[in-house]
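Shared chain: chain A. Partners: chain B in the first complex, chain C in the second.
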Partner chain A sequence: MSDTLLALLVTVPLVAAIFPLLVGLRVDDAGWPIAMAGSLAVVGLAGSLASTIYTAGPEGQRLIHELAGYPAPYGIELVGDGLSALIALLIGVVAVAVLVYDRSVDRPDAFYSGYLLLTGGLLGMTLTGDLFNLFVFLEIVGLVTYALVAAGDGGEAAYGALKYLFLGTVGASLYLIGVGYALVATGSLNMLDLQTRLAEVGYTDPLVQASFGFILVGFMLKIAVFPLHTWQPDAYTHAPDTVSAFISALVSTTAAYALIRIAFDVFTVDFFAANPLIADTVVLIASISIVVGSLLAATQTEVKRVFAYSSVAQFGMVVVAVGLNSRTALFGAVIHLIGHGLMKATLFMGAGTLSSAYGASTIADYAGLAKRAPYTGGAIAVTGLALVGIPPSIGLLGKWYIGLGAVESGTWSVAIVIFVSTLLSLSYVYQLIEALYFTPLEEPTGGESTADGAVDHATMADSAVADGGHAGRIAPERVAVVALLAVSTVVLFASVGLFDAMLDPVFGRFFQ
Partner chain B sequence: MTDFVSLLTTRHAYVLFVLLSTIGLYMLIANENLVKKIIGVNMFQTGIFLFFVSSAYRVGGSAPIVEDGGGPYVSPLPQVIVLTAIVVGISLTAVGLALSIRLYSEYGTLRADALREVIGDE
Partner chain C sequence: MSDRDGSRPDERLDGRLDSDGVARQRPVYSESQVIMTTVKVVIPFVMTYGLFITFHGADTPGGGFQGGAIIASVFLMIAFAFGIESTREWLANSLVVGLGTVGVFIFGAIGFGPLLLGGNFLEYTRYEPLLGDLLGLKEYEFVKYGMEAVEILGIAFIVSGVLMGLFFALAAGYSPSTDSLAVTGDRRDGADTATMEDTDD
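Let's look at the complex of A and B:
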């Protein structure tokens, strides 16, 4: 009965995506309300999926829906368990929050169609139980993301989007090769079916090893792990602020979720046990990504770039947990995945609020802005500290469990890498906080402190209005949603029990 | 040597898959022209399609329209996958070309190195 929830979660946003364009032919400004209704429906459905799984006994904690009634392994299944329910809930919450933030901007109807399509694609990636179906949703997400990034002003946005398209397509194609190898080796595409069939073929079979290798590299491109991250700072920086917040919180997150799902549900821990070299390589690449991402973030001057490179480091931590083969580390990785999504959404929306109201885009521009925008500035500071991992925050929880898992499995180097990265992230977050709170406010009549601040006030106000805000005035719902999300990153510190209850049965299966 | 010859004669489709994919990938990386980069992506994907289709082939197999006493059949699953992947590939090409047109009208060039210089990409 309740398994139709899964089908509804994917189809509601996909079908709703038609309506902003369709209704837009007759009615003006219909896009936003429709997108909001669709996103709220997603939150409701994801919430009831999560509560169904939370309250179900040990038996009912995995919902399966066979599409069109074709039985697995021939048909395509949608599968919902504690892990995918958490990610689905994150997608819904961020989709609503970013839409609230976007209320004051006038956008074409096609933008909202793309928005719903992206939401539906992400949910499809989260819930599907079929490797090829995952590829299709991966490409839906990719295509819509390229289009939404290109919705930004000027040629930079188009350039960022095209760069993302090239690398994203290669990533998805490499994944497809991996799926092809798995299909040739086993003759199946269903994740649950593959789990047993791959074990029968043998985990040291070259075809199976190559299959995982291609899938891994494909996802590393999509997740933006160093050195495959080069598309990500450009895409995040040049996209409209709304889109940056949405994709930074969800697109790489869902790809990382899919990697975790495939690594542990399809290939299983036995595969890593049989191929220690692959596990070690994953840990090594991810560790390098953590350090280099943090270093690059600390050397940036543009705020959106700081956050973008910081994502490279944070996702390194998630991927490291895949190679560590430790239940504790994986628990931390899932918490960090969700925490990072909430934190980055908050930070990008906070940065967008400040840039549309005051034209501030570099750290130097932030001088004294906390006086003018106390709530937004405060939310950025709180979330920044959560990103570093200052307790109490969800950022600490994720890092703590990943580090603990590394120590438990005897990989001390990873714990050290996480510690170094935390120090580096403290340095870039401190720069922001110093600018916001401890640097004197520049007089608005004088020139700005940076070279490009030489633009006179009128142009600045114009560009700010074009970006959706009003110069010097911040839309109240933006402040509310940024502050609310910032508070959530702190409050979720107390939610370990909840995460544990949702994830325990899933991990029980992963680590039998 | 004989291994190599037998590889070429019996597994030529897979050899072609590797060749096409790597040439496409090389074109994507090494060519500075945006449209040629898109062609490279297409070639890369075509190689993958070839791999899927040839993995479905079996000697003497007929089209998988099942009837009594028929068979053997070729596997229909990879062919369905390729059909879907072709659609995805075409959409990607369309988006990529649209973005190239926008870049051209904005900067008057299709060369990635010139664009990098104008935009100041690091």
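Let's look at the complex of A and C:
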């Protein structure tokens, strides 16, 4: 009964989320080991799900678990296929990696409860086969994310979380309205069932069009596509580094996955063929997001903000593939989703490592840090180059296939937009690398002309010490996990065949 | 309560009167015979009503969520009548946290059981071959009582625990200047469901 894996993947982290609180009543510092055990269990389950699907024959590549044994259109299904298995695996791997990074920080038990809840919510979004169930998990993810962002120090984190709460709730509500329209049009909430029923209603029916419009805008808010991205830089910048790494890698990624799932599995390519205006609008907005996100990233001075705006651009590329209606582009979008998740986790963890050890939070602060922290600096540089798309890296694979798909479908403008964005991302990554490697190290005791900067630097390092880090000392497991993820972004360049094997049956269904 | 008794008298009347923002929006407890007597009289009825709503959830309007909320309101009333701080000490954090977490655990356990018996998550009828003779229930009745069990032991526990936790966490307020034990949620601890605010006391 391999479909049991699906139920376990969702429920194990959710149930595990109570134990940090429960055990915390009696035992101190129990939160981290419990969260680690839960996350490792998720990796194990997701890994076996992926291998089950990978090794299964053409029929077995879609696992379905009917919750409570009620059959499909009435009950809620959990569905696992190649696409959702890849995302589930990404969630597990990033959850473990970020927890390893978090080892040296002392956090309350409730933080780890939230962490496991978020993991479970993300897996629920990934595996559910029901539109309303997806909304429930979207809300679980949203609420926990707001709380985790607010766990940062000071009022800015609370402000960022509040902004995220307002916009995130609006996004979820818009999605719910869209689902409501689909329910009115068809009387069903099950994704597979909706696929046939929407076709019966007709794709040009105003209800169906409005339904997709609301769902699209709701997810664009959650994914943070320009101009609906305004919550995202504040949330990513002011959240604790651990949370930044986790949510930047996974939360928008899972929302983008859900958009892809709904666009191609519920509304299908025929919907886009019947409504070229909607497809063109998606491409237009996403293209603007790519360019503006890259421009904004290139003008930032704070490192976490650079990465945050860069996400706006990268997710623009993923969303553009939804509108392009091209199999190649969608293949690239899924690779880019996974690659972006790994790269952003690495970059935010690298930035967090440097900021807790050296108090470096702006690009100027990074001057010469590669000498002090060669491995972390190197990992940031490698991952930054992967983000630009320098071969060999997973960043190139994603962009390449999206661009190729755009050219194949005759939308040259998108290919040009991606090229421009690559140049812009090169400019901000180059700034980082230049500061890391080619700018001389500022010595606080040097008494140079940059005395002010040195003082700032020293005080920030002090605050970092108070924050649980040690000035100038980096926990070895942090270096290890950042370096390992950085290597993975390069190694995965060779994984096209693997992605193709996982995604081919899914896309075969999408593009019949 | 000890930290509030030392505050200035005019703050005790209206939380908004303070100028320095120290004790704002902290309702200060004042003992009232009217409220205490009323609450004492009302509590048994509210509690009974809450339990009624909870236990009747499966076949009449109501359910664990609504019932749990009403049961939690009993403790909110006690807190208003007899002082929030003393109610919090009387209840103990382990109870509040325990209600929420054990509720999830029971829900999960009931759900996982059918998985072990080879069925789907929450497929209550799978319990029938195992427990049918013991409990004297037919297969369809397992669905009903399975749902009852989830509602009563799961959702009602969770809702009442979380509501109480939220109430006490909000009542504890946020005081950036003090590092008192009452507000463990001072810095990073703002995270997650409110029950945790009380965990480390």
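Everything below uses one rule, namely that the second predicted complex is superposed on the first by the 495 of 512 C-alpha atoms of A that agree within 3 Å, B and C clash if a C-alpha of one lies under 4 Å from a C-alpha of the other, contacts with A are read in each partner's own complex, and residues count from 1 in each chain.
Basically, contacts are C-beta pairs under 8 Å (C-beta built on N, C-alpha and C of every residue); 3 or more make two chains touch, one makes a residue touch a chain.
Just so we're clear, the structure is a prediction, and the values are computed from it rather than from any experiment.
J.: Using the superposition on chain A, tell me whether chain B and chain C clash or fit.
T.: Pair status: fit.
J.: In the overlay, answer first, second, both or neither for which of chain B and chain C A:65 touches.
T.: So A:65 only meets chain C here.
J.: Please work out whether A:180 is in contact with chain B alone, chain C alone, both, or neither, and reply first, second, both or neither.
T.: After superposition on chain A, A:180 lies in contact with chain B alone.
J.: A:100 in the overlay: touching chain B, chain C, both, or neither? Say first, second, both or neither.
T.: A:100 contacts neither chain B nor chain C.
J.: Tell me the contact category for A:147 with respect to chain B and chain C: first, second, both or neither.
T.: both
J.: For A:117, is the partner it touches chain B (first), chain C (second), both, or none of the two (neither)?
T.: A:117 sits against chain C, while chain B stays out of touch.
J.: Would you check which partner chain A:235 touches, where first means chain B only, second means chain C only, and both and neither mean what they say?
T.: Neither partner.
J.: Taking C-alpha centres, what angle do chain B and chain C open up at chain A, rounded to the nearest 10 degrees?
T.: Between the chain B and chain C centres, as viewed from chain A, the angle is 50 degrees.
J.: Quick one: is A:158 in contact with chain B, with chain C, with both, or with neither? Answer first, second, both or neither.
T.: The answer is both, since A:158 touches chain B and chain C.
J.: So, does A:169 touch the first partner chain B, the second partner chain C, both, or neither?
T.: The answer is first: A:169 touches chain B but not chain C.
J.: According to the stated criteria, A:364 is in contact with first (chain B), second (chain C), both, or neither; which is it?
T.: neither
J.: Quick one: smallest Cα-Cα gap between chain B and chain C in the superposed arrangement, Å?
T.: Minimum over all C-alpha pairs of chain B and chain C: 6 Å.
J.: Go through chain A and flag every residue that touches chain B in one model and chain C in the other.
T.: 147, 150, 158
J.: Please name which positions on chain C make contact with chain A in the complex.
T.: The contact residues of chain C facing chain A are 93-94, 97-98, 100-102, 104-105, 108, 111-112, 114-115, 118-126, 184-185, 187-193, 195-197, 199-200.
J.: Once bound in the complex, which stretches of chain B touch chain A?
T.: Where chain B meets chain A, its residues are 21, 25, 28, 34, 37, 41, 44-45, 48, 51-52, 55, 75, 77-78, 81, 84-85, 88, 91-92, 95-96, 99-100, 102-103, 106-107, 115, 118-119, 121.
J.: Chain C touches which residues of chain A in the complex?
T.: Those residues of chain A that touch chain C are 1, 4, 7-8, 11, 14-15, 17-19, 21-22, 24-25, 65-69, 107-111, 113-114, 117, 144, 147-148, 150-153, 158, 240.
J.: Can you check the complex and tell me which residues of chain A touch chain B?
T.: These residues of chain A touch chain B: 132, 135-136, 139, 142-143, 146-147, 150, 154-156, 158-159, 161-162, 165-166, 169-170, 173, 176-177, 180, 183-184, 187, 189, 234.
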